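Shown next, in structure tokens, is the structure this report addresses.
Per-chain residue numbering starts at 1, and chain names A, B, C and D are given in the order in which the chains are listed.
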Amino acid sequence: MFIINKLGKATFPSPIKGSYFMSDKKRILFDNTIGDLKSLRTADDRPESIELAGPRKMIYFNPEETKAAIVTCGGLCPGINDVIRAIVMGLHYRYGVKDIVGIRYGFQGFIPEYGHENLVLYPEFVKDIHTLGGSILSSSRGHQDIGRIVDSLSEMKVDILFCIGGDGTMRATDLITGEINKRNLKIGVVGIPKTIDNDLNLIDKSFGFDTAISEVVKVIQCAHVESRGAPLGIGLVRIMGRESGHIAANATLAQNDVNLTLIPEVSFDLDGERGFLRTLERRLIERGHIVILVAEGAGQDLFMSDGVRKTDASGNIKLQDIGIHLKTNIEDYFKKRGTDISLKYIDPGYIIRSVPADAGDSLYCELLGQYAVHAGMAGKTGMVVGLFKNEYVHLPLKATSSRRKVDPKGNLWMRVLEATGQPPSMKK
Amino acid sequence: MFIINKLGKATFPSPIKGSYFMSDKKRILFDNTIGDLKSLRTADDRPESIELAGPRKMIYFNPEETKAAIVTCGGLCPGINDVIRAIVMGLHYRYGVKDIVGIRYGFQGFIPEYGHENLVLYPEFVKDIHTLGGSILSSSRGHQDIGRIVDSLSEMKVDILFCIGGDGTMRATDLITGEINKRNLKIGVVGIPKTIDNDLNLIDKSFGFDTAISEVVKVIQCAHVESRGAPLGIGLVRIMGRESGHIAANATLAQNDVNLTLIPEVSFDLDGERGFLRTLERRLIERGHIVILVAEGAGQDLFMSDGVRKTDASGNIKLQDIGIHLKTNIEDYFKKRGTDISLKYIDPGYIIRSVPADAGDSLYCELLGQYAVHAGMAGKTGMVVGLFKNEYVHLPLKATSSRRKVDPKGNLWMRVLEATGQPPSMKK
Amino acid sequence: MFIINKLGKATFPSPIKGSYFMSDKKRILFDNTIGDLKSLRTADDRPESIELAGPRKMIYFNPEETKAAIVTCGGLCPGINDVIRAIVMGLHYRYGVKDIVGIRYGFQGFIPEYGHENLVLYPEFVKDIHTLGGSILSSSRGHQDIGRIVDSLSEMKVDILFCIGGDGTMRATDLITGEINKRNLKIGVVGIPKTIDNDLNLIDKSFGFDTAISEVVKVIQCAHVESRGAPLGIGLVRIMGRESGHIAANATLAQNDVNLTLIPEVSFDLDGERGFLRTLERRLIERGHIVILVAEGAGQDLFMSDGVRKTDASGNIKLQDIGIHLKTNIEDYFKKRGTDISLKYIDPGYIIRSVPADAGDSLYCELLGQYAVHAGMAGKTGMVVGLFKNEYVHLPLKATSSRRKVDPKGNLWMRVLEATGQPPSMKK
Amino acid sequence: MFIINKLGKATFPSPIKGSYFMSDKKRILFDNTIGDLKSLRTADDRPESIELAGPRKMIYFNPEETKAAIVTCGGLCPGINDVIRAIVMGLHYRYGVKDIVGIRYGFQGFIPEYGHENLVLYPEFVKDIHTLGGSILSSSRGHQDIGRIVDSLSEMKVDILFCIGGDGTMRATDLITGEINKRNLKIGVVGIPKTIDNDLNLIDKSFGFDTAISEVVKVIQCAHVESRGAPLGIGLVRIMGRESGHIAANATLAQNDVNLTLIPEVSFDLDGERGFLRTLERRLIERGHIVILVAEGAGQDLFMSDGVRKTDASGNIKLQDIGIHLKTNIEDYFKKRGTDISLKYIDPGYIIRSVPADAGDSLYCELLGQYAVHAGMAGKTGMVVGLFKNEYVHLPLKATSSRRKVDPKGNLWMRVLEATGQPPSMKK
């Protein structure tokens, strides 16, 4: 069930003018498909449903006395500054909240030893930050002590904490909320989930995704040009996609030049008549060039001989570099055969995630930020805002924690197979 | 009720491989909000619902013998070529339909006197057309005789007609479907609705909209630069938006530089202490410059003294040029006052609608085209494909014909008022 | 002869480190072609030559006590902010000049009644201004009293005035220099000539020109798309080019889609079998669409029936709008013939001149600014910096005042005729 | 001396219309500086001078019987397709030469065993190729037998060979010309020198350079965003520049965010108090982030302990990867100190060189191609076309073979030092 917690009863009238308030009771169905009406009901005869986001008529915090904090964690992604800007603008102009701080370098900013000073955020300061990539607050990876983070929130007298971050951040945010509850503090915690990979469970689309696709498309065009620029040219592009291939699949479809797409969800062998190398060779001989797009999480089982996988500071599995691995294996393969190839390897990673959001993502981020503000002011806590079936909703922090994968039998992957002409399987 | 007609029973197995077929019975609720379960039901105890798009296991047409035609009507919009490409690719690769013609210059292409020859469409031909703006089929406005269009379809032995076009086109398409039915022909008619204004009823977002916003944002930046480049500088930008202000409102929010936004949904007076001219003057004196964004359909009541409005060849109301009207009035106003202003008028219309779709729109168009193909092959007719609550659905042709407006009391317009700082009303 | 005046003897050693100083005596030949050595000599056996720009070992002003002012006049052009930035950076970092003011709104900024306050300029302030279009100082047109400008310079104790502006500005700057000399003041005046039209006499290329061409090319692509998007489609684009057609000619060559280019240097008739309208009609009928590019100064003789031409506030001739004139005449022509055309008129003017400079122009502007600083500090006055035969030089203010035209018999125009396929003459 | 060879006497009148022919005798001075007139003269009392490019009134080849071939060699660079297009257009439209072949994959295309088939080139085919990056002819590296290349030219009855390529290509082209002369064949050889590094001796600017700078600037912005996005963030960007640092230096100046630029011309030590690592550390501690731009040829002496350097297939020195070397050393350095840094390494190489030329480069390439055609038709051979002091000239193949370096005491490098704030020397 998608129950959203509140810090307490909302007793202040909202300062927002207009007549478009949203009731806490307004919810949308989790499953809005209909075959048979029975499917709409759960055991207790009430269908599973989700709370709609939006301004509440009555709010929990008195705007004049409210202090808000914003923190950004994990890797960069187009649109973070747009979200920050929208939160500050929304708090300031719509609610009259004037006391807003930006925590620097992620959760490190709560730990005094690091010596990061907070930024004071206000409209004039954030006005143009959406034209910059990255996060004006900077970010960091790695765990920090939950108790000390709450100590810091408490000392700073923060009323609402807005967290922009990925999986790991949302897990930490959940722990922070738990600790706040244990201490019986009245601090609301609102998350805005971030992942450039577009693999958030339940969420229609993660912010920054369209911008990322645009950038990947440009890189693929370069790889295509390079592959055609030399005899037996191979353009090999490694992009993001740790656990899911949404970016790789969508970039393949948005453009026409990829001939082989590799994603984490579809494993493959290097060797064997049906394996990756022979498949690549056949296409290369036939057409004289080939463009390969590989998501960083693809083919990780190729490194698993020892059965152990490492994790980084944020607890994410440390991936072996599949791009370099493929590059080396392709070069070795053709060297053995005495065939002169011309392989151009491109790893654009940081270039893609650090550009500013395009206009579409910018508008999306603006709304995510606004709805986060409405939720925070209403006293909602332990939750994230997201777009679900084209409606902005509140979801419990845990609800988005599992990854949405590309279904190897689904429509998206089928279209990729047709677009590239690659075989459905490259297993021996 | 959202009932989709079919030409007849689907008797051919789909050639598509995979297991992701969609049943005709799979529908989603029209209203997925829940307060009280009763609201889910109509009089006959069945809730209003909408058919989901997707490949059907059994299809109506035998792909080997199927002939498809594509026509594009009305004004240009980013993404038309992406839709054409997706239809051709989908028909060819997923169903094996090889006989595809492109009708040139809209419905004119069906009328022999015009002498427009059809194009033969195939994958190699459409492969890269998504990098071009406009429509490779060209377009036209204006009515053509419905009977003669159906004569032509019949003579050409077209089985499925794909129509990409706006309001007027969809009305004509509905009449074509009616005439086909009357003659008892087995020709399917599938629409892909197009409007750069994003004001289609029921549809989440019209294709090309994000691309258009990006372009408008660039123009606003220029207007901003110009307005600041001269003493008492006024940047006046007229953009599209015949009956709705979605583009104007969203472009205002995607960017920070508009100080006054005018849309069709909110009328205003030129004169009077609270009117447009005095409002403009106050801001101009105070800040030294101003940027005004006006949707072409705004302020049309200012021209209504005679109570008559003209219509163009497609039956659209012929709008008076509000941009020029404002320009003239502003110049006269300040001339009378003896104030030297520097007004720069920008009307970028054609520049915005003729660019290629960005990556996000490109992906969206690809899916619209694919789903149109699935619908057409399944024998669906008199319908459009669209995105409804983030699901691709089938809607009757008539369902999208009314316009979605910007609500002057809603969240979108409130955010615009806050972003610009303009008064809620500029009526005398 | 290209003699550069100096305020007096340079008595301070330059604070610049390094060994790349340029001597005042280092000059390059005005005419570096060689047939016969005699041509190198003037009557007094000395060839005409031009002074090279660059840092001087000894400078006239004591950096610690120097005050500089920057003013920008006339219309906007990509790169103005880059020049401002380079002047400030160069003065500050290379010479240690800390007292720099920006005059606002052109020469108006010198006249107290306008009430424009000066900006204080320093590195941190100008650091990122090259990412913005326009001029951070704003600009204005129109004459101001020369005596009062010099009064103001004198009262402000300005030592060096840097003027960025066009023809009219350079004429005014020359008068200012004269007045300064008459009063025996020691104020240096250095110009950086600006014209988006690339028609400065002697100067290889005016800054902002490449950026402008890039923007015009985008607009032509849109016009091309529009012209092909409708039956008998005509894309008519009016661009800048008051007295010369360099932008129109180069944009035509940089791109492939213009079919008819009109420039001020080549007059044409509307009527007659060989005239513009019949030429247009022939191409339109033959190919179904046409793109026309017209420089704003083209065809002005069509308006000369009364023999009088008006001038604007800066003394520039006021041009009639040839774009609208052609539009009206084309529409009337085809109306009379009963032919339905689809004419799309695009006038992108302000959009093109208000974008930021591209990287190439940015680098060029940086050097112009640097060399202006070196000249100013060395006590040079009544001069401009410019690129002449790929060397940065000093030229007297008057030397660049005549316009460089497109030669109707030269290589550039021949290539345009070949690219468009238009007839060499469209006179009756 | 800059003497240009000719195949023989030009006996055909040029078919070009117009009056802008250039005489073989029109030359410009090699040294156009003037201090003292004597410096203008060589021993035989004639100053060193260079032949001007342009159409000749009389030409050597009969256009109707002329066959031309175009070949592109070496690495990709923005603008190659523009040059190809201009050659084809110029030959076809200006001279009426209809027999033009494109040799595929560089000099490999002349050797039958490789099996590369020639392309037939004509206007419709090349019309839009300037919108594509790379070379439509593809390219290759490595030596081919000179005798066999001439055999092939002879068998194909090629009259003029146009070679687009870098250093190595020009050396090979020189050998081909020699072999042609030895065999007494009447085949003209015209080079269009290509290097993205802008380090051609004598040539004002190599084509593609401005476009490359634009792309590098975008990457630097990303590195800047990344460096600021994490605690102690280091953005390390490796770009091209094998033997010269022009791209690195100019990209640093075109933008504001590089804090340390490393070029081949200025050697440095990693260790020592004044070395690279300590310099980096000081800046990093002080400001919290740093962006480093390194040209691929920088610091190669760090790898020279064995005193041997390898060469690739084209005879170019094989560079060790300074980017990876710095990355490893930086990481090790801070690891030893126990400091957590966040280093983001970006190697955009192929992305930068494979984009299409921007409008400015496009126009430049068009002229280079045109002048190459004029030279070829006039019977000039063993030469290249280039821009010298803003004039298009003919230079002997050997004249451009030495590299133009960045002068570590010159204006360009001084400006870089000032822009970055880095110390003049990072030697121990």
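Methods note: a residue touches a chain if its C-beta (ideal position, glycine included) is under 8 Å from a C-beta of that chain, and two chains touch if they have at least 3 such contacts.
Since we're looking at a predicted model, the values are computed, not measured.
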Touching chain A and chain B alike are none
Which chains, if any, touch chain C and chain D both? none
Could you pull out the chain whose C-alpha mean position is farthest off from that of chain A? C
So, what's the distance in Å between the C-alpha centres of chain D and chain A? 41
Note: chain D sits from chain B at a C-alpha centroid distance in Å of 47
Per-residue multi-chain contacts in chain C, two or more chains: none
Is the chain-to-chain touch network here best called a line, a ring, a star, complete, or other? ring
So, in the complex, the side of chain D touching chain C is made of residues 16-20, 25-29, 32-35, 37, 40, 46-47, 49, 52, 54-55, 89, 93-94, 127-128, 130, 204, 210, 213-214, 217, 250-251, 253-256, 358-360, 362-363, 366, 370, 387-391, 407, 409-411, 414-415, 418-419
Interfacial residue positions of chain C with respect to chain B in the complex: 76, 105, 108, 114, 116, 132-135, 138-141, 218-219, 221-223, 225-226, 228-231, 233, 235, 342, 344, 346-348, 350-351, 354-355
